[in-house]
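Every chain is named by a letter (A, B, C, D, E and F) in the order it is written, and numbering of its residues begins at 1.
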Amino acid sequence: MRVAQMNWMQIEAQAKRDDRCVLPLGCVEQHAYLSLATDAILAEKVANDAAEPLGLPVFPVLAYGMTPSFAAYPGTVSLRMSTYVAVMEDILEAFYRSGFRRIVLVNGHGGNSPIMTLATEWLGRRSDASVRLHNWWAGPRFQAAVQAVDPAASHASWMENFPWTRLEGVVMPDASKPPFNAALYQAANPAKRREILGDGNFHGRYERSDNEMLSLWQVGVEETQAAMTENWP
Amino acid sequence: MRVAQMNWMQIEAQAKRDDRCVLPLGCVEQHAYLSLATDAILAEKVANDAAEPLGLPVFPVLAYGMTPSFAAYPGTVSLRMSTYVAVMEDILEAFYRSGFRRIVLVNGHGGNSPIMTLATEWLGRRSDASVRLHNWWAGPRFQAAVQAVDPAASHASWMENFPWTRLEGVVMPDASKPPFNAALYQAANPAKRREILGDGNFHGRYERSDNEMLSLWQVGVEETQAAMTENWP
Amino acid sequence: MRVAQMNWMQIEAQAKRDDRCVLPLGCVEQHAYLSLATDAILAEKVANDAAEPLGLPVFPVLAYGMTPSFAAYPGTVSLRMSTYVAVMEDILEAFYRSGFRRIVLVNGHGGNSPIMTLATEWLGRRSDASVRLHNWWAGPRFQAAVQAVDPAASHASWMENFPWTRLEGVVMPDASKPPFNAALYQAANPAKRREILGDGNFHGRYERSDNEMLSLWQVGVEETQAAMTENWP
Amino acid sequence: MRVAQMNWMQIEAQAKRDDRCVLPLGCVEQHAYLSLATDAILAEKVANDAAEPLGLPVFPVLAYGMTPSFAAYPGTVSLRMSTYVAVMEDILEAFYRSGFRRIVLVNGHGGNSPIMTLATEWLGRRSDASVRLHNWWAGPRFQAAVQAVDPAASHASWMENFPWTRLEGVVMPDASKPPFNAALYQAANPAKRREILGDGNFHGRYERSDNEMLSLWQVGVEETQAAMTENWP
Amino acid sequence: MRVAQMNWMQIEAQAKRDDRCVLPLGCVEQHAYLSLATDAILAEKVANDAAEPLGLPVFPVLAYGMTPSFAAYPGTVSLRMSTYVAVMEDILEAFYRSGFRRIVLVNGHGGNSPIMTLATEWLGRRSDASVRLHNWWAGPRFQAAVQAVDPAASHASWMENFPWTRLEGVVMPDASKPPFNAALYQAANPAKRREILGDGNFHGRYERSDNEMLSLWQVGVEETQAAMTENWP
Amino acid sequence: MRVAQMNWMQIEAQAKRDDRCVLPLGCVEQHAYLSLATDAILAEKVANDAAEPLGLPVFPVLAYGMTPSFAAYPGTVSLRMSTYVAVMEDILEAFYRSGFRRIVLVNGHGGNSPIMTLATEWLGRRSDASVRLHNWWAGPRFQAAVQAVDPAASHASWMENFPWTRLEGVVMPDASKPPFNAALYQAANPAKRREILGDGNFHGRYERSDNEMLSLWQVGVEETQAAMTENWP
């Protein structure tokens, strides 16, 4: 259930029935030829697709995340760590105040994953709560399925090219990007990182067939569903 | 143009053509029987409807805002002032880095309006930029149109009940909420504020005809368009 | 009672008798030909004049406030939002620790009014307290009285020219400042704002007779007194 | 010259003539039988008395300071270090923007003196500026004069009992407070500190003759004047 | 070269010869039967052993890090994210001011690795600098060597039991800890995490022979040396 | 007992036996010809030498401190006040969580002493705890011993030249540095401060005999021991 399609009375009743809620974490950043909002779109959609059958409320995506690496690409918005930490603390606290005790962060952007540190700090203060950070694209089942299709898969490659992240009228290069020197890249400033990355695809082809993508998506949805239901402390 | 439907190369080109961009500011908070995301939905839609014909890029809505007054209502998420200030500073800086110099904040939530103070601080450091905060529902033309329909209009009343903020299956009370003691309310803590407000509508009827609402919307869109085009310093 | 004329034993006793206290909020910023401390002077005086007969303690004025708009005028001191929020939180907490539970912020500067958001956040943590922000010059009774005298009234115009804010030896222009383009002004950076405003008066004449001013003051004092006594939650 | 008696045009002209300005730093905290605002009163008065003949502008006192030690005494307001640091940075920056390059902080409260660390940080960024922190009561000349009168002198003792800090109708104890165990006191929490201190006087008699006090004051004013004029880098 | 064995003149000369410097990042946290300072000890030693032959200066270890997960274990000190971010920014800035442009963070604690996000933010402001975060124990060569010895290796297991982290008089259990449910653990609060982990070893035996450990160390040192010399942007 | 030579079980047991623990506070900053880590070395060693016979646990030195004055000297690392305050709060909280209630900060750097203000703030929240800040070199007994040897003693002079802070191969000037104009120095920015100080010694000879130094050290250790045992509230 999208929280955007609920009112406060419904949330109040829901939190009494089930103390779980979901927050998708996205990012607005370069994704080569794909949507700048790719991570936000994917996180929100996979969260909603997974939560719908479970009847869990999914709050609106936090569209902005941490991505200092891509700061030299126009359209990229990066929140400072100190900012993101504050945002997350406020949101967790609000969920808690609303009656939720098990919170699933469905994260669509690698750069956001440090936020689990903040969530753990917060759990030290709210000791009857639990927080799960689910990096949906990095789950073992989804990654196995990706590898089975094509191991050359990465940020802004075919792996993120779904019908809902590709752009009308934008033609994908018919090529496979070779990998770059990761060690050098990781020590570089944002301008040099852009120089190294060029169009922004990290590695691999730019698109694959819809058949392949929709099967993959299904795996992602199911693994995300498992994250919402299994292994709660 | 929704930035979610653009990639970074398109933004780069766009910023060279026109240095304006748009950010809708929303909130997730009690809206009586309406969607918890009412302010986010309205801000994003009015911004997109207004910007589309102008060809201006609209970034994804910042869905969360400042609403400590409603903290006692489940489903309400309030960012602290110190947090919101940090978020806005990061986003403005990112727009600037992307090449934008005239930034329109299309705000859908009264509680967010203090953020203009931060924007002015930021303009002190980025002296070739301009920021306009447009509280879309509070513009003189929109307010005149509202008053012409029904002066008893407020937060969570009919005035915010559009086809895109009302909820399937939720029936509106057929009544008009009387005003409350505003002075008392404004000095009260969140729990007492909930007590005073009850369902959350501030004042007035809960719904009016779609005809009336769609005409109103048109006024809002046009006034927002004017904010994007006129009176730039 | 001015807290500056009390010692801690007297405050301790007072807080037991009556849980109200008062803090005037000022600003040091351009006021055209008037004192840079106009807002601090007026807030402190109106608070003291109002509180004296009620026997309520008035803490020393917080002389500095938020005024990024006037940063290009020498003598203007603007605290960042993040700073002001921190100051106010500390002061509210100190009043609470002193035994006060109903706190009146008598504010003399429009730019400070966003601070009510912080006060409401704080009320979420201190749920047996109340905070009233009284923008003394913006109360309906005071504003009606102003309009009755001369509707062309604004920041740094005659409306703030009292015997206690005008400066020895400074002659006021014998003119009435025409209004400026507010939409343009509000999107502009501090340097452009100074260009637009010139001497700093927003609109209207620079002075009126003492008779008129003293009558007005009386209205302001009475309305401030009402804010201290009526409509507590 | 009190900045409260100047307008922005006068400050602009003044900063061009002489790049020095003065800010008194006070505190609102227990001072035994004396005014809670003792430190603010003394800092502002000594700054004004010293600056007047020199023609230097004195900004309104920052009335609130850092005093966590006295937090258990009603009427005491303590800003957190993180807050005070932010306030001071904003004020220094505003003075700089106004054209001032040599800034004298006339401090009336021992607990504020750590702020020189922040001022030095700031000087690392504003390398054509200088900041002097003058703890007016702790200058060697003033201290010598105090010792000559009565070496048993301390916070809230006779040493701070001037005609402008004592309170109407409050009778001073005719006694001399013995010293307390400073090592124990300094490791104690605020509640225990109050227990140890009792009325709040640290040590010594509560009052001495006006003759003695006015002579002392003269020494303080002269030493503060020297701090404004001598030894600038 | 340990910076602790250098004076400022030597650092000044060194930074002119070679713009690289090294900072070891540690943590004080539970390591089962091993030293609470294990991560600090290892990071500092591997950094020094690697830098010595290269003649690179190694600053004193930042002994404290981010470890909210272990907050329920006595002796664990966890800096908040917001704190650690501030510390790192100050240190990077100081290295830059000292003349260094290529900075190697030799990190000994997994919980610290989010700090690369801050370093990348910083590189956005200091665009002629580079920062490498080297998680010394997680390098591919070291990990391969570990796996070759015994794949059951983890936090506080034999893998961290070197002659310089084990404690006099503390006998290791002669057992191999089975793995725990990682998904459940990662959503749990600190108290539950302690319950799950028990003595604190994550998985595997508690000690292995010194021969094995010293060979491993050599691999770690060499890989750290490579991080200091290769692949600079 | 060095905490680096203990594990968490030992700290848990220790905190039950005795609720005292020790944290040395250092700094990495210019010390003329001596080690950049002089203050960290001395604080840690004096703390360990003093605590060892008492069986009190000494946490690893916080090597970095506040030293904006020396920012123009290469190798100097200065944490901002806002940073240091955050670090200290986190560490105090961690000690408290570990079961310690009496905390001794053995400080080796004058620039760190403002941190007692933060500790007192913290004691306002943790009212069953005590914190002692011991500036080991500034204790009356140590200072008397220094004066007896040679009153010309200061930062980076012979007074800090112990066998464990001097550097191999560095020859000390055979001279006595004359004092500088302290008033001028204290108002100056970091670059000017370096100009004034030259090599960094404040005043006095650069070395004295080991006999004298070891006797002095003994006094420092004993006075630090007293700070750990006497006058607890």
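Worth pointing out:
Methods note: contacts are C-beta pairs under 8 Å (C-beta built on N, C-alpha and C of every residue); 3 or more make two chains touch, one makes a residue touch a chain.
None of the values given here were measured: they were computed from a predicted structure.
Shared numbers divided by all numbers used gives the overlap of an interface; between chain E and chain F this overlap exceeds half, so the copies present the same residues. Greatest centre-to-centre distance from chain C is found for E, with centres as Cα means.
Centroid to centroid, with C-alpha atoms defining each point, chain B and chain F lie 53 Å apart. Averaged C-alpha coordinates give centres for chain B and chain E that are 46 Å from one another.
Counting partner chains per residue, chain B has residues 71, 78, 80, 82, 86 touching two or more of them.
Interchain contacts close the chains into one ring where each touches exactly two others, per the touch definition above.
The ring of touching chains, read from chain E in the direction of chain F, comes out as E, F, D, C, B, A.
Chain B contributes residues 66, 68-69, 71, 78, 80-82, 85-86, 102, 111, 113-114, 116-118, 120-121, 123-124, 126-127, 129-133, 181, 183-192, 196, 227, 230-233 to its touches with chain C in the complex.
Interface of chain C with chain D (complex): residues 3-12, 15, 26, 28, 30-37, 40-41, 59-64, 71-80, 82-83, 86-87, 89-91, 94-95, 97-99, 167-168, 170, 199-200.
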